[in-house]
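A, B, C and D label the chains in the order they appear, each numbered from 1.
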Amino acid sequence: MTDEKKKRAISRLKTMYPLRALIDGMYEQAVEASKDGKPVAWCMVNWWGGDVILRTMDVAAVYPEDYSAVCAAFGAAPAYLARSDSDGFPTHMCGYARNCLGYAAQMKDLGEIPPEAPMGGMPKPTLLLSSGFFCDTRYKWFQALGRYLDAPLWVLEMPHPGVKESRMEGVREHNINFLVEELREFIAFLEHLLGKKMDWDRLEEIVDDTIEMNRVWHQVNELRKARPCPMHSRDFWSSMPASLYMAADPKVTTDLYQKMYDEVKYMVDNHIGAIPEEKYRLAFAELPPWHSLGFFNQLAERGWNFVVESWAYHPPKPIDLSKVSNPLERIANLTYQYFSGYFEDAFKVGDWWGYFAHPYLEFVKEYQCDGIFLHPLLTCRTATNHLLVVQDQLMRKLKVPSLVVEGDIVDLKLFDPADALRKAETFEETMSHYRTVRKEMGLAW
Amino acid sequence: MTEAGSQGLSRVKEIYQDRSHRVKALKAEGKQVIGYYDIYPVLEMLTALDLVPYRLLGDMSEPITKADTCLPTVVCPFIRSVMDLGLKGKYDFLDGVVMAHACEVAEKTAHIWRIYLTPAYAHFIDTPHTTHAAAQKQHKELLKDFKKTLESFTGKELSAERLEQAIRVHNQQRTLVRELYELRKPDPPLVSGVETLQVMVALTSLPVEEGNELLRQVISEVKQRKDGPSLRPARLLIWGSVIDNIALIDMIENIGANVVMDDTSVGSRAYFSQVELTEDPLDGLAYRYLVELKAPRTFRETVLSETGKKDYMTDLENRFGYLGDYAKEWNVNGIILQAMRYCDIHGYEVPGLKDYLGNIGLPNIYLEHDYSEAALAPLRTRVQAFLEVIG
Amino acid sequence: MAWFMGIDIGSGTSKGVITEDGKFLAYHLLPSGINYRTVAQSLREELLAKARLSPEDIAHTVATGQGSDNVTFSNQQVTDIRCCARGMNSIFPSVRTIIDVQAQSSQVIRLNESGWVTNFVVSEKCAAGSGRFLEVIANVLQIDLKDIGPLSLKSKHPVTFTTGCAVFGESEAISRVAEGMAKEDILAGVHKALANKISALIDRVGLEKDCAISGGGGLDVGLIKSVEEKLGIKLLVPPQPQIVTALGAAIMAEEGEKLVSQRK
Amino acid sequence: MQENSLYFAGIDLGSTMTKVVIIDADEAIRARVESHTGAEHRRLANKVMEQALEQANLSFGEIAYVVATGYGRINVPFADRQITELTCHARGVASFFPSVRTALDIGGQDAKGLKVKDGKLIDFVMNDKCAAGTGRFLEVIASTLSLKVEELGSISLKSKNKVSISSTCTIFAQQEVISRISEGVPLEDIVAGLHSAIASRAVGMLRRLKIEPDVVFTGGVAQNIGVVKAVRENLGCEVFIPQDPLISGAMGAALLGKELTLKALAKGESIQRGERRLAEATFFK
C-alpha cells in the first residue's frame, strides 16, 4: 500500500534523522552494557522520574513498549504473540505486553537473546522498572514477566487526581510529596540492589538537562501552529521517542532538538510548509499505524497536513521551577506538570477529563485543526478509552469533526489504508461543511 | 426494619429482584443516597455522615446501547453496562457518586460519569497501586480530601466519634458475613452459592445497619432450615472479575456442583478484612482499604532472596497463598477462574495463578465471558466437562 | 441528450444505474461473485442493453463501492458514502440522516440540503452491525433471505439477543432453536439486536429528520420496523433501496465534479 | 439380562452433523449413521436414531443404554444420560488409538484440545467463541469461492506458494479472500493459506495443553487433507487420523454407556435410565 518509491509529498526535516537514530543506539548500548556485565533495566515509560535516576546510577535502559512496536514493524511480533497466547495470556490484552511476554518466554527457553530478535534484541534485565501511570497493564505486564525473568520489579507510583480534586487546597503539595517519596524509595531500592550510592550532584545535573530538553522540545512544537505547518506528525513521531524514552544523555538530545528548532523556525519565517499545499490541518489521536506511514503521503497529496498529535506524547506545558531546588522535587514537579498541566484550563470550562480528553480541545483550537483523525487501537484500552468522548466534545464545543479508523498496535493488518482513504475522501466534504458552520458561530478558523 | 414483613432469604430475594426499592423509600424519607463503584471507596465515611452507600452494579440482561457513545467496545463490559444504566437514567435517584482508582477503566469512567451525568456530588479517590510506605501516607491524604468534599456537601462535620461508630457497624457486617461464609463449610453447605450471592448483592443495596439485621435473619434461618443445598460431588471456589448476577453460579450449581467459596468483589473480597480502630480513625481506614483489601489491582512487592533475585514461586505464594488457605478451609476440590473480556487486571493473573494452583494440585479451569447471559451458554459445556474431569 | 453511468461494486451485490439528462433511465443488479472486474463488465453490458445505448453514448462514468478499483472503464471513483448521500438527496431532498445497511457493514450518514456529507460513522469491523448477521442467522434457521422480513413481522415475543457478536449470535440462535423458539421470534430478536447497533451508531452522529434507509437492509421490512420502533420515528424507504448509491454515482458523474481519481 | 446380548447407543448431536453409533457388548460397531443437523434437533435425533436401529436391525427396546453428547445433547429426549462431547471424544479417540495423549477435534462450530490418559479426559481447551479456527470458517470461505467444503483439501495440495491470510475473523477473511481472488492469486494458494491459518489457530490453542505424542486429529475438519497437512507441518510431529473422524464422539458416548451399564450390573444395581420418550419426541413443538 505504501508508495515509498514515488517522490514523497511530505518533506521531512533534516534534523529529525539524528534524533531517530538515538533510539536505535539505545538497544545497541544496552546489549553492550550487558555484555560488559553492567546493569540493564527494562522500563515502562515513566515520564523521567525513574529515567534520570537510572541514568545517574549508570543503569542502561530499554523500553519494551518501544521494542514491541519495533517487533511489530519488523514482522517478528506474530511468533512472540503466539507464544504468549499458548502460555495462556488472554488475547484481548495489550499487544505490546503479549509480544514482550512471548519474547521473554523464548529468551528463557534459549537462555539468551532470541537470534531472530530485531535490532539486536533486549538483553536480560537486572531489574524491571514499571509505573502505575495511566494503565493497569504497565505494572501487571511486568509482574507477569516474573514467570520468565528472575529480575526484581519496582513499580513507581504516579498520582492521577481528578480535575476538581486537583484544585483542592493542599492536593498539589501531597501529590508532589508522594512523587518525591516514591523516588526516594526507588533510590533506596536501587542502592541496595546495585550496592552503590547515588551521586546527588550528578543527579542534579541530569535533572536540569532533562527539564531543559523538554522545554526546547516544547518550543519546537509551538512553532507548528504556523500556517502552513512546517513540521508533519511523521517528523514528530520520529523525534518524540528521544525525549519520551530518554534514549541518550539529555544534553545531546537537547542539542538535537535545538537544531530542529532552528530548522523549523527558518521554515516558519519563510512560510515553508511540510506539504506542498496545505488544504486541511489535522490532529492525530494516539499511536499511528507504524507499518503504513506511507499512507500519510497519500493524504498529503490530497492536501492533508497533520499538525498536532496526542497530548500524551507531547512534552509538559512549560512550568517555572526556578524556586524549586531539590532535584527530586524538580523532577516530581515536571512529571506532575506533564500529567496535570492542562487541569487549570479544564477546570475553568468544567471539563472533567483534564488529561487525554481536554488537551485535544485546546490543541485543536490553538493549532486551528479542520478535523481530527482518531485511531482506536483494538488491544490498547488507554489509547482508546477517551476517543469517543473527544469526538463528542470536539463536535459539541468546537464543531470540529472526527474521522475514525480502527487499528492495533501489533496486529498491523487491522489498519486498512484503502478503507481509511475511502473515508478520508468523504471526510473532506465534512471538513469543508464545518468550516462554514464554525464561521457562522464566529470561531476563528 | 423490613417492609411487608418479609424476612431473611425471602427478603433477600425481594431486594435482589428490585435493588433500588429500599433506598428510594429512604430517599422519600429525606435520606441522601451516594452511589459508589467497586470496593475501594471508603464506605464508613459515608455511613458516618448518614449518607446511604449504594453500589453501582450492571445488568447482564440489558443490551448495552447508550454507553457506546462514550465508552468503546474494547473495555470491560461490566463497567460499560454500569455506564449504560446511568445514561438510561436508572441511577437518577442518586444524590452523588464516589469512584476510586479501582482499575484503569474505573478511573476513566469517573471522569466520563461527571461529564455526561453531571451528579450534584462527585468525588474521585485516586487509590494508589502499591503498598509502599509513601503510598500508604498518600492514601491517608486522599481520604482527608474525600472528608473535605463530603463535609462541604452535607454541611456536617465528620468527627472522629462518628467515624469510629461507623467503623464498628461496618466491622460488624464483616463479622456477620464471615459467619454466613462459615455456613458454607459443611458438606453439603447450609447455604448455596446463588443464595450467598443474592445476600451479597442485597448488602450493597441497603444502609449498613439494615444489612446487619438482614444478615442476622438469614444466618438463623439457614441454621434452622431443613431444605438446604443437596450433597454434590464437586465443591467449588470461584475467583475473578465481579459477579453481580446469579446466572453464572446458578448454571454451575445446576450442572451438579456446590459453589462453597468465592474470591470476587461482590463477595468475600469486600468483607474478609476488618478495619482496625486507630487513634486517628483515618489511619485504620487508609491501611485497610489499601493494604488489607486483596485484589489483583494492587501490586504487592516480591520478596527479594539474599541473591537480590526474585523467586517466582515465592512471589506466587505471596500473591495467591490466601486462595490455597480458602481451598483448605472450605474443603474445595476445584476452582473456577473467570474473568470478563477486556478485564486486564484479572487477565494478567491467569497464567501465574494457574501455575500456583497446579503446584498445590488444585484442579482449575479458566472461563472468559462478556457479561451477557447469552454468552454464558457456551460456558455450560466447559463447566460440565470440568466436573466430569474432577468428579 | 446526455447519459451518465454509476457503477457500485459492493461485497455482496453489484449495482449499476444510467441517467438521462438527470432523470433515472435504467438500473441493473448482479451478484458480485469473486471477480469484480468481470462483474463490472457484464453489469455495464446489461445496463447499456436495457437502455438501448452503446458505450460511447455514456458521457461520464463514476465507480463506487468496495470493488470500484476494478471498474476499468470508469472515468473516476467516488466513495460510496458520498454517492449514497447524493443519491438519497435526489430521491428524498428532505432527508438529513441515512441509515445504510450493507452486507458487511452499516453506516449512518448525515447530509445537508445539497446532498453533502456533514458527518458519518461506519460500524466497527464487526459482523453483528451488518446485514451479515441476518445472513448468518437465516442460514441457521435454513430460511431464504427474502423471507426474513415478512416472517419476523409475525413475531409476538421477540427473543432478546444479549450478545453483540455475530458468532455468539449464531450459537445463541442455535440454542434458542433447540429450546423450541419460533423462527419468527428469533428473527425479530436479530432485528432488535441490529436496530440497537444502528441506534448506537446514530447516537454517535445525532439524528435529524427526515431519516431514510438504504442498502440491502432497506428491503427487510422486519429490520425497518424494529429500527422505527427503536428510534420512534418513521423511516423513508426508496423504491429500490439497494441502488441508491449507484444512482448517486450516476448523478456525480453528471455533476462532473472534479474529484481526485484514486485509480492506480 | 444377558451381558453379551446388550447393545449400547451413542448419539453425538453436533452443530453441523449428527452421528449415531450402536455397539454390541464386544464393542463392535453394529450401526453408524451420520446426518446433517438441522435447526430442529429433537425430531432429527429421532430420525437418525431410527435409521441406526434399522441398520443394526434392532428395536429401541433392545438398546441397554443411550448416551447423548455434543452441542444438542440436552435435546435427546430418549437418552439415558448426557455427557459432554469433551469426555466422549476422549473416550472414543482412545478406543481408536489407545496410545493417544493429545487430541485435536475441529468440528462445525468449535475446536477442542483434549489431554487424554488411559482413555480418560484429564484436561482440555476449547474455542467456540469465534468461527475462525472451526469448520464454520471453511464453510463460509468455501461458499464464498462457490466450492464444496470437500473440494478444499485436494485443491490446496496443488499450491506452490500459499498466501498468508492476515484476518483472524471469518468475516474479514472472507473479504480478504475476495480481494486476493480479484488480484488474480491462484485459488489453490489462497485455500492453502486458509488451511494454514486455521491450523495455526487450532495448534496455538492445543499448545496450551503442553502437547505429548501420540497426537490424534478428529472431527469433520480432519477429513480435509489440506488442514491435516497444515496441522502436521505446524506441530512438526506425526498426527493420526481415525478412519472415520466424525464418529469419535458418538463412539465414546456408546462406550461410556457400556461402562456405566456393566458397572451397574456388576453391583447388581438396576440401570439408571432416563424416561425414554421416543414416540412423543418425534412431534417437535
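Assume contacts are C-beta pairs under 8 Å (C-beta built on N, C-alpha and C of every residue); 3 or more make two chains touch, one makes a residue touch a chain.
Quantities reported herein were computed from a predicted structural model and do not represent experimental measurements.
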Counting one step for each move to a touching chain, how far apart are chain B and chain C?
1
Please identify the chain with the largest separation between its CA centroid and the CA centroid of chain C.
B
Comparing A-D with B-D, the busier interface by C-beta pairs is B-D
Determine the centre-to-centre distance between chain C and chain D, using the mean Cα coordinates as centres, and give it in whole Å.
38
Using mean C-alpha positions as chain centres, tell me how far chain A is from chain D in Å, no decimals.
49
Where chain A and chain B are represented by their mean Cα positions, the distance between them in whole Å:
35
Could you check chain C for residues that touch two or more other chains and list them?
124-125, 168, 171, 204
Residues of chain A touching at least two other chains:
87-88, 388, 392
Using the touch rule from the top of the page, what residues of chain D touch 2 or more other chains?
71, 128-129
Chain contact topology (line, ring, star, complete or other)
complete
In the complex of these two chains, what residues of chain C are touching chain B?
124, 126, 160-165, 168, 171-172, 175, 193, 196, 199-200, 203-204
Which chain C residues qualify as touching chain A in the complex?
78-82, 112, 116-122, 124-125, 204, 259-260, 262
Which bits of chain D are touching chain C when the two form their complex?
15, 38-41, 71-72, 74-75, 109, 128-131, 136, 144-146, 169-172, 175, 177-178, 181-182, 284-285
Where on chain D does chain B make contact in their complex?
71, 83-87, 121-124, 126, 128-129
For a test of understanding, state which residues of chain D touch chain A in their complex under the given definition.
166-167, 200, 204-205, 207-208
